[in-house]
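What follows is a pair of complexes built around chain A, which joins chain B in one and chain C in the other.
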Partner chain A sequence: MIKLSDICYTYMSDGPFEKAAVKNVNLTLNSGEFIGLMGHTGSGKSTLIQMIAGIVKPTSGKIAIDGQELYAKNCDMRKMRFKTGLVMQYPEYQLFEETVFKDIAFGPSNMGLSEDEIKRRVFFAANLVGIGDELLEKSPFELSGGQKRRVAIAGVLAMEPEILILDEPTAGLDPAGRDEILCKIKDMHQRLGITVILVSHSMEDLANLTDRIVVMNHGELAMFDKTAEIFKHSEELKRIGLSVPQITEVCSRLSEAGFPIAEGIYTVEMARAEIERILKSEKS
Partner chain B sequence: MLKDITLGQYFPGKSFIHNLDPRTKILCIVIYITVIFLIKSFLGYAALAIFTALCVFSSKIPVKFVLRGLKPIMMFVAITALFNLFLTNGRVAWQWGFLTITYEGITLAIFMVLRLFFLVLGTSLLTLTTSPIALTDGIENLLSPLKRIGVPAHELAMMMTIALRFVPTLLEETDKIIKAQTARGADFESGNLISRAKAMIPILIPLFISAFRRADDLAVAMECRCYRGGENRTRLRALKMSYRDGFGFGAIILFTAIIILTNILSGRLGLV
Partner chain C sequence: MDTNTKDTVIDVNNVEFLYEETDTAQVLKGITLNVRRGEFLAVLGHNGSGKSTLAKHLNAILVPQTGNVTVEGFDTADENLLYKIRQRVGMVFQNPDNQLVATIVEEDVAFAPENLGVPQAEIKKRVEYALDAVNMTEYKEHAPHMLSGGQKQRIAIAGILAMKPDVLVMDEPTAMLDPVGRREIMETVKKLNREENMTVVMITHFMEEAAEADRVIVMDHGKSIMEGAPKEVFSRVEELKKIGLDVPQTTELCFLLKKSGLDFDANILTIDECVNKVMSVYNSKGGATND
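Take a look at the complex of A and B:
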């Protein structure tokens, strides 16, 4: 369980460029949940997840993971960081090793694991993101952009974190690559029962994957609810520069046109089932 | 850690000093630095302190912010002071084993510390009140007479502009890479010197790669816009001197005169 109480973060405090990035956020996320995080650019999403990952210390407020308070005196921060895996935006720019294998092994070897365990985890993580064994001995700088991204994500997955945090992991990828990576993340979430926090600008991705969604606006927590509930507030989302999935938009237009479609539809599958149901009942 | 770098940081404002022509400020700072090394007495340093304080005051930049620029050079200043303190010949003031402190050493050490402090204060006041672009424009303009003897003034200024432009970008990049590697369990704090140096590798390699990539991108972008150096280029903001610059030069000349006066005075009276 991740518990945030009164979290604030201020950039460049006491300078001319002082700016509050996160203001008074209170949140409780349960273990094993798939959480979506959305907000316009500069709404404090990245800062928020970096604080949860133990990389950025909040200016004020408390963060507790499974009861252990982060940044407290008795807290071993390195150990806590192994618990949370953070994939930052454009993670391919953090690659540095001679070979893909060594780069993926960087995290696990920092954890002080045995050779065999590191090997197992590297193969496991590489396999998970679709990096073939023949690429492991190559230099990461010879790979294509999409492959580099996968290697970088594998580098975090190999640490087998209990909480996986992804900051726009699919930005700049082609549609096939995007779907594949998201599919793998979902698969991993289900198989290993880990908590996932996904930052994304794609309403479709968030609709398809998440249990609950956190909406940030100008550093403040704007909404936090079940995915279905969030997408019912289409007006409010639009006002803060976000939107709803296209299919939700389609359904609300249908409803306006007098078609008796139910509210709260946010995936194509749901819409299809609902429309089929209505059509059938009209026939009979 | 990265936020402590004040040197080269611009603090936007509309004060008298901000509004001076960059050429005036550059010339004044050159005179100021020369004068610092001419001062021979504490009386002169007092005058220097008053003049610098007036400049800082009229720039309307918080004193705390200006003084922050001194932090990174503290170590260097301390070492310089120690060298001067122990390695100057003269009348012995204190002796212990091979360590000797002379009266001349004490004076020289204090002078050195003061000189370095005012040097950094003056130059950081220049960069704090002048935007990097104005600064390089000023430098280019001042160097342009040297074009006749083959000094590539425009190219030098362009290189400086680009370098300054990328300081914040690279700092941000470094910050991001440090965060990413910390998240992967990299440890920068513990261990001896060698293991700490090794811990820098995961930061430096991605940083160099991204710096090269950015340089490449920028070169392509400049080519695409047919950039070809300084000939016949006009400026959006042409440099123009105003009555303020007259005041600026007047002030620095007056200051120089006062310093020379203090040197003569202290020489006559036999003061240090």
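Take a look at the complex of A and C:
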């Protein structure tokens, strides 16, 4: 469980350029949940995930992971940081090793694991993201963009984090590359039972994957609810520079026009089933 | 639309290209297309389909190994014509941070006309015009690195406009932006196309963006495989999915309903069209609750 209590983060505090990036955020995320995090640029999402990952220390407030408070006197920060894996934006820019194998092994090697355990983890992580064994001895720079990104994600997975945070893992990928990565993430979440926090600008992707969604606006927590509930607030989302999936917009317009469609539809498949049900029952 | 040479600004004729001789596959495999004056053309394709390589052929950053490209009749393979071609076709790339050179917005926009030897008074006019066209006049004395991604990208566009080109080519200009930034760029591009009559070529893999163009070309494996109005192109749902592209959710919904045996077509693009279609099917089945 991740519990944030009154978290604040201020850049350049006490100076002329002081800027509050995160203000008084209270949030409790359960273990094993698939959480979506959205907000416009500058809303504080990146600062928030960096604080959860133990990279940025809150200016005030407390973060507890599974009951252990970060930065407390008794807290082993090194151990806590291994609990959380953060995949940053464009993580493929961070690949640096001679071979894919060595790159994925970098994290686990730093954890002081045995050679055998490192090897097991590299194969396991590569397999999870769909990087075949034949690619492991190649240079990471010979791979395609989508493959490089999956190798970078594998490097984080090989540390076997209990909480996996991904900051826009599909940015810049084409639809096929995007679907491939998201499918792997969904699969990992189900197979490993880990907590996933996915930062995304794509309402469609968040709609398809998440259990609950956190919405940030100007450093504050604007909404936090089940995915279906969040997308019912299309006006509010638009006001803060976000949107709802196109399909949700279609359904609310249909409802306004007098079509007896159920509320809370946010995927194409849900809409198809519901519209088909109504149109076919009218027929008979 | 008429396709005779008078209306063609850029003509790409059977172009083949590969980066290194050792490459097993060509990047462009005999692509032929034209860009028409005043149109907003979108080029769609997955990563590796050759669309960025194509873009670089449009203003002689790359020249064809076979075939030829002409800009207003100038052959891009003729090095003596390089300046003429690059003045006519301006290019905006994906990452705004790689395209800004000065520390003040207006100086950045003035960079290209200064290099072209435009007189000072004219430069001033052009910078004002360009910043106004992208709606960034109030930021003219700001530092580019303090702006948002969408704003930076608009400054990059203004820098191109200050050269007074005939064609604006954009290679995935929104790929690194958030939804607000993407909207800003699309509004700017549409305004330039409509109000300033700027010919726009936009390379993208966002189908929502391509849906707003006048014409769409779909690339796959270095060739143009589909061409037409967005409505025609997107109605080919299965073919697009097969080559790793998407269609708008509205189009997909209607396509699925059609497959379920209902009276739908996949030539639906906008939310309005989709709502109207569902309502008309609903009403025709006697489900109307209002008159």
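The rule is short, and it goes like this: the second predicted complex is superposed on the first by the 284 of 284 C-alpha atoms of A that agree within 3 Å, B and C clash if a C-alpha of one lies under 4 Å from a C-alpha of the other, contacts with A are read in each partner's own complex, and residues count from 1 in each chain.
Keep in mind that, in the parts below, a contact is a pair of C-beta atoms (placed from the backbone, for glycine too) under 8 Å apart; a residue touches a chain by one contact, two chains touch by 3 or more.
Not measured: the values here are computed from a predicted model.
After alignment on the shared chain A, the placement of chain B and chain C results in a side-by-side fit free of clashes. Which of chain B and chain C touches more residues of chain A: that partner is C. Of the two partner chains, chain C is the only one touched by A:I275; chain B is not. In the superposed model, A:M88 makes contact with chain B only, not with chain C. In the superposition on chain A, A:F141 contacts chain B only, with no contact to chain C. Think of it this way: put the two complexes on top of each other by chain A, and the tightest Cα contact between chain B and chain C is 5 Å. Listing the residues of chain A that touch chain C in their complex gives 40-42, 144-146, 171-177, 201, 204, 241-243, 245-247, 249-250, 253-254, 257-260, 268-269, 271-272, 275-276, 278-280, 282-283. Those residues of chain C that touch chain A in the complex are listed here as 45-48, 94, 148-149, 172, 175-176, 178-181, 205, 207-208, 244-246, 248-250, 252-253, 256-257, 260, 262, 271, 274-275, 278-279, 281-282, 285-290. Those residues of chain B whose C-beta lies close enough to touch chain A in the complex are 3, 11-12, 64-65, 173, 176-177, 179-187, 201-202, 205-206, 209-210. Listed in rising order, the residues of chain A touching chain B in the complex are 12, 14-16, 50, 53-56, 78, 81-82, 84-86, 88, 91, 93-96, 106-107, 110-111, 141, 155-156, 159.
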